[in-house]
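Order as written gives the chain letters A, B, C and D; numbering starts at 1 within each chain.
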Amino acid sequence: MDLVIKNGTIVTATETYRADIGIQGESIALIGHDLEGNETIDAKGLYVMPGGIDPHTHMELPFMGTVSADDFRTGTIAAACGGTTTIIDFAIQRTGQTLRQALEIWQQRAGGKVCVDYGLHMAIGSIDNERIAEMEDMAEEGVPSFKIFLAYKGNYMVDDETLFRTLLRAKEIGGLVLVHAENGDVLNYLINKHVAEGRKEPIWHALSHPPEAEAEATHRAVVLAGMTEAPLYVVHMTCAGSLDALKVGREKGFRVFGETCPQYLMFTMDKYEEPNFEGAKFVMSPPLRPKGNPEALWKGLTNGDLQTVGTDHCPFNFVGQKDMGKDDFSMIPNGMPAVETRVPLIYHFGVNAGRFSINRFVELVSTEPARLFGLLPRKGTIVVGADADLLLWDPKKRFKLSQKNLHMNVDYSPYEDVTVEGYPAKVLQRGKVIVEDNQFVGKDGAGQFLKRDRFRL
Amino acid sequence: MDLVIKNGTIVTATETYRADIGIQGESIALIGHDLEGNETIDAKGLYVMPGGIDPHTHMELPFMGTVSADDFRTGTIAAACGGTTTIIDFAIQRTGQTLRQALEIWQQRAGGKVCVDYGLHMAIGSIDNERIAEMEDMAEEGVPSFKIFLAYKGNYMVDDETLFRTLLRAKEIGGLVLVHAENGDVLNYLINKHVAEGRKEPIWHALSHPPEAEAEATHRAVVLAGMTEAPLYVVHMTCAGSLDALKVGREKGFRVFGETCPQYLMFTMDKYEEPNFEGAKFVMSPPLRPKGNPEALWKGLTNGDLQTVGTDHCPFNFVGQKDMGKDDFSMIPNGMPAVETRVPLIYHFGVNAGRFSINRFVELVSTEPARLFGLLPRKGTIVVGADADLLLWDPKKRFKLSQKNLHMNVDYSPYEDVTVEGYPAKVLQRGKVIVEDNQFVGKDGAGQFLKRDRFRL
Amino acid sequence: MDLVIKNGTIVTATETYRADIGIQGESIALIGHDLEGNETIDAKGLYVMPGGIDPHTHMELPFMGTVSADDFRTGTIAAACGGTTTIIDFAIQRTGQTLRQALEIWQQRAGGKVCVDYGLHMAIGSIDNERIAEMEDMAEEGVPSFKIFLAYKGNYMVDDETLFRTLLRAKEIGGLVLVHAENGDVLNYLINKHVAEGRKEPIWHALSHPPEAEAEATHRAVVLAGMTEAPLYVVHMTCAGSLDALKVGREKGFRVFGETCPQYLMFTMDKYEEPNFEGAKFVMSPPLRPKGNPEALWKGLTNGDLQTVGTDHCPFNFVGQKDMGKDDFSMIPNGMPAVETRVPLIYHFGVNAGRFSINRFVELVSTEPARLFGLLPRKGTIVVGADADLLLWDPKKRFKLSQKNLHMNVDYSPYEDVTVEGYPAKVLQRGKVIVEDNQFVGKDGAGQFLKRDRFRL
Amino acid sequence: MDLVIKNGTIVTATETYRADIGIQGESIALIGHDLEGNETIDAKGLYVMPGGIDPHTHMELPFMGTVSADDFRTGTIAAACGGTTTIIDFAIQRTGQTLRQALEIWQQRAGGKVCVDYGLHMAIGSIDNERIAEMEDMAEEGVPSFKIFLAYKGNYMVDDETLFRTLLRAKEIGGLVLVHAENGDVLNYLINKHVAEGRKEPIWHALSHPPEAEAEATHRAVVLAGMTEAPLYVVHMTCAGSLDALKVGREKGFRVFGETCPQYLMFTMDKYEEPNFEGAKFVMSPPLRPKGNPEALWKGLTNGDLQTVGTDHCPFNFVGQKDMGKDDFSMIPNGMPAVETRVPLIYHFGVNAGRFSINRFVELVSTEPARLFGLLPRKGTIVVGADADLLLWDPKKRFKLSQKNLHMNVDYSPYEDVTVEGYPAKVLQRGKVIVEDNQFVGKDGAGQFLKRDRFRL
């Protein structure tokens, strides 16, 4: 063996047990006791878990007249430091582009910079028959997941007929449709009205994106998924109403899945009323919600009604970007830094708080994203033959989540001064240590593009 | 290695992958590629899965004036042949006995005969302060699960205060309460009334045990579990109404779990109207249900609303036992042969029928029973350090489930002439092959008593 | 008193009692015992009920290249003969018209011909800011109810923003929005696809209008009504899924109301598979539904989840109209004759069948339509000061609902050979007998336009 | 006419209209305009409504070692002053008594003292075959409603078999079963435990009667009502969970009805933590509930999920009675003064607050109790032939609900200093003015026993 991880406690979505892991090249080659190798890492007192998989990031995304502050380099270094060894970002097709063109643009953007392995979803900004015809090609290229927007009227928003057709085609080719579920018609009306009538503070962002508009769109997408018998993945779910819609679908036997993000578990909409434009730091779509919703989402993670935790990582600097909307909430770039803090937050507020087991934690942040997006068992678990993407997790390590301790390329942290217990001691990707002592020690641009499998039961 | 399983496809609750398994003594010692051992078994074309765990059997149970037809020897040989390497049977405490006495009686009954590993739940027939005080002792003995009856008025049935107190105590000691959830008051009225008025055919058994009475009792038990914050396991759930009650509890964050059995998935209550007293073969409590219920249960298995498939295995011969109730349904011994056919039926009608993945199948018949009842990861999965209880599963093998092909000690099969695809090629327990070519080749009485861990999240 | 109705049993939404009714001119002037008048009608053995109010008819509607077969004369004579003394029809605004123009066109159409009193809803076919601005004028004219279509993509269908704005405006002016709730996007896709692929028989009409598409649109409209705190009336509800959506809204305190029609209570979609194009007689939108749905609707009428029974009366002759779609279901004019049979069917299959009381029957077919549409207490009940629109109902009279016994101007009856028990003996409008022995004896064109009040709690 | 009420606005459950009411003897004889009589009352500016009907009172009830503070004289004078002209009290059968004996005792207790008309429910404290056999006699005596307790273990509490049998018998004879729905087993455990462990302040009364225990028992009773197809009336519902149970039953088509009381609409359980034992004033069963529940109940009244508002009037003096439990909440007599304030509170916080219409108000406090308990149309509405029990309601009259302004024979008011707008100007019973200027001016003991009709749809 090239490398042996000794004396650790292996934790997967199912089991917690003591064994050594032997790594040959980039893969896990042997699991047993008392293994020997050219090199060894002593994992005594540590959990050895599969590396985190963040199914929802937006690195260097051109958006609202600016670009998200993390590029594929800084963002994936941050991901790695926080325990995430795989991201799935979004290629975004715009009017006039083919899907293939969009894919190439995004692969070029990532290539040479990306520091963890990555896959891409294809966000279809402008759908017509030709784009639908291209979906099979994308699946063949390892991009079998397609994002549709029910929000952003006048831009990405599609009508229900398009959603219906996309679902039908996805089902045929083993694709999985992702949906941004907010009723863009309602949002459009409210945003225009509030802005026109001079209500422009950050709180009006939330009041222009009411939870009912999300719940409604989620319900609609779930019903259409049921009608077409196509699988559906609802991104960034934030509220009890949406969760109800998803549950009803799942109980009918629809294959519908839901993702939430740490920010919706940690905060409520009173953040928007903080003085000095501080609320802008939390402006994103959907927005933070009224009290009660986070607890509903936590329950959904516990009882299986929600399947994954992603981040929708899309940071903008407070100075120079967020302040573009100083005088008008509708001009505040939407998004938050999140990719680095996801794993520690879910561990601390999930496992330490007694909400769910450490196995369920692994399932939420790694195994289930891998399963849904065609990466299991190469990623997302610890078995012989898998990539040796390993998180050596120190459950005793206390860490303060301040902007200066974190690696994301943004001038603030929404979690400033939150201290968590449990943090990566080391992170390995494909057999190489890439993080040690909260420093990235891997090779720049060594992340690989992942051709993902098609969706299956 | 003493023994290596080569070339198989390992299937667990989470992963499907190719690797060899090295066994040393009774345990899995090594997982890797190209392993070598003193002996090898070629598992090419086979799935290698953890042995089945049946969390609900009744071997040689004295009941209704007779004794269930399988003793611990015949019943566990049958279990093994059908792919089940662990059963959890019930010690049943009766008025005047301590729990310890009941435990000893049942251990003596099993000892020397039992051919697969076994645990025991403690069914408490008569609860008072002393029995509640004894619960901690039982947990210490590896029996941390306690069964309570809301049915069988005048016999085992307890009142809600007793259920409440048992739940509270179970929570304190890491115990798990199992509940037979039917409203015994309603049943008692209906049985007496129908018998008194001369309605004595088997169909009246079903009509005396309406699904509403089960749904009500399930709801009640779930509410009390929620109030006490104690975990609860509802045995043999049969109908959509009960499932709804469980779901509502789970959505509120209660730790409530449900088991169904193959017979409730395969049959409906029209069976009771078959001529020549054939319906008696299906008399059990709860009974078979109206159409629609099986599909609801299947959905529950698929979407996670139900957690396990047990059997409530409790066979009685058609001639000599079932016919005790020839003239009065209330005298028909309640129960069915089931332990041997569980794993193949769930595979065939679950996985082959496209209802769920093979991983979910493993979870339902092995992993989840292990987790809930304190056996994981020793049993219920395939990891280094676990008992080498392995099922070499031939997905191509077709098998006719007739009485003469099966090993249960009973004169009929409810599945006569049902043919399934997928059946055990070999079964190993703790490193030894105990089934080959549908024959038990293990050692009589070699099953071990399992001291189970207490319940945890 | 000009006229006294003696010896009858008065039945309202609340009470059943014996008293005489004295009529002076067009109104009820006195209720008491032993009243005397210039004329008397002996109502011994009869129920005296308020005349039926049909809140949903389409007389002489230009639609799908033809015109509905009843004009305001024949249709209202039929209405009267069946016990309905008030209809609310629809003025339909088309692109390029003002609401006022549409109103005038429809008043001209009805004027001089209409034989019972009538109101008009305003169906807005093409909404923009000017039309929304005009809503207040319409309310002022006694037309405070506005219909919106979520179906008929490319024609009447509006987007959600328009629905949202219309609801907001309706709330401000005391208006009530009516919605045709089917997802027009989904319908459009399915219709085009089935026709393009050669599936053109009547059954494909139903399969192009699935119940999920109705349930989804109902849910969406209900959510938007809740967000805007505007009242909403969902027309022609047909299925359990829609009813669920309405119920959820009502339980949240939204002021949302639902109408079903007799055809959805009486038939299921197997009608479409009848030979010889017979299914075309039942082609309408939404279509008939699978088994189970009618019983759900009946329950909704019983327990208050549904508020009214209308008809969507819109007959087309089988020969010469329905057969326009002989080769293509999408060319079959949508609609059915219904205005004459509504009251007897609901009485027979509601009251006689034990589903609800006679008071609830009166509420469903008369009082509640009056309340919701601003006619109570002038219409819809029996109190001093109300219009003397009275139904003298013979509960013993048996009547065969065949095309030749009915007065609607159409060449078939969907209820051919259904016999009901309970039928009008006489019908009075504003103090005059207008139906006797199943013959219209009133004056042609004597119906009056009703300026209705705005919606209030 | 003996008496004419002129110029008022008549308000019933359905209509609001202007007319005069002519009274001959004790009954309404004529409704019309410009009526003349020997006497007239000018009701200009007043609403004329049917007298209130309180379906749930306990006058001079021996309970917990004392007797409720209002006897049938003081209690019914108070009722009248508050606008209630009919009460339905409870005869309570105790072990060893026949139902007939209980009925006679309570009729003697009321006779000669009672100042408004009254009916009696039969509370069955100890049920056996003979008591069930007696139910038909009671119905024949005008007592067709039977109360069963699922609480008070060791006293009134019955098991589910008894509830089931009582429902079955009630259905056969046109009876209506009332149920006090709390799980007495759970309550018994909690009360004993808290008292034994020294937690004896009033708040522990609430914590011994958790809302889940009420919701569970309500659900159970509703399920059993559904199984037996018997009607059921759940008294004093207090919480969202119970309401959910009722709703589910009603949606399944069960004939189940719910009552709440003003105290559950007005207060929450923080009242129990008031200093100086003030919380004792609110000790009753079920207790006040956490925040959120009142709003759920109000919604239930608005949308029809709840049917009536009763009071459970059962006052005990703060000094001399409530203080029996100074040192132990379980010794505080359970109950509150309520009969006099019900009608004004529901008007003010229902109608004035915009929660529902004045017609719905009349339905809740008068018409629906009359309908369910076999008094309509003699009581509960305004029609010719009905008893002239009339409430002349002054919507402008402001009234402070303090103990000194009220007539109940108790030393405190829970509503001290609450001011309502809308109060009786005059109250008539059977044609006689019995309340004027907030003074009882009727004749002592002039109330009559009401033989009520059996339950029908």
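Remarks
Keep this in mind: a contact is a pair of C-beta atoms (placed from the backbone, for glycine too) under 8 Å apart; a residue touches a chain by one contact, two chains touch by 3 or more.
Being a predicted model, the structure only gives us computed values, none of them experimental.
Chain centres here are C-alpha means, and the one lying farthest from chain C is B.
Interface comparison, A-B versus B-D: the higher number of contacting C-beta pairs is recorded for A-B. If you average the Cα atoms of chain B and of chain C, the two centres end up 56 Å apart. If each chain is reduced to the centroid of its CA atoms, chain B and chain D end up 51 Å from each other. Our note on geometry: chain A versus chain B, Cα centroid distance of 39 Å, whole angstroms.
Multi-chain contact residues of chain C (touching two or more other chains) are absent. All chain pairs that count as touching, in label order, are A-B, A-C, B-D, C-D. Across the complex, chain C meets chain D through its residues 10, 12-19, 22, 29-33, 247, 250-253, 299, 302-305, 354, 356-357, 367, 376-377, 381, 383-386, 456-457. Residues 153, 159-161, 164-165, 183, 185-186, 188-189, 210, 212-213, 215-216, 219-220, 223-224, 226-227 of chain D touch chain B in their complex.
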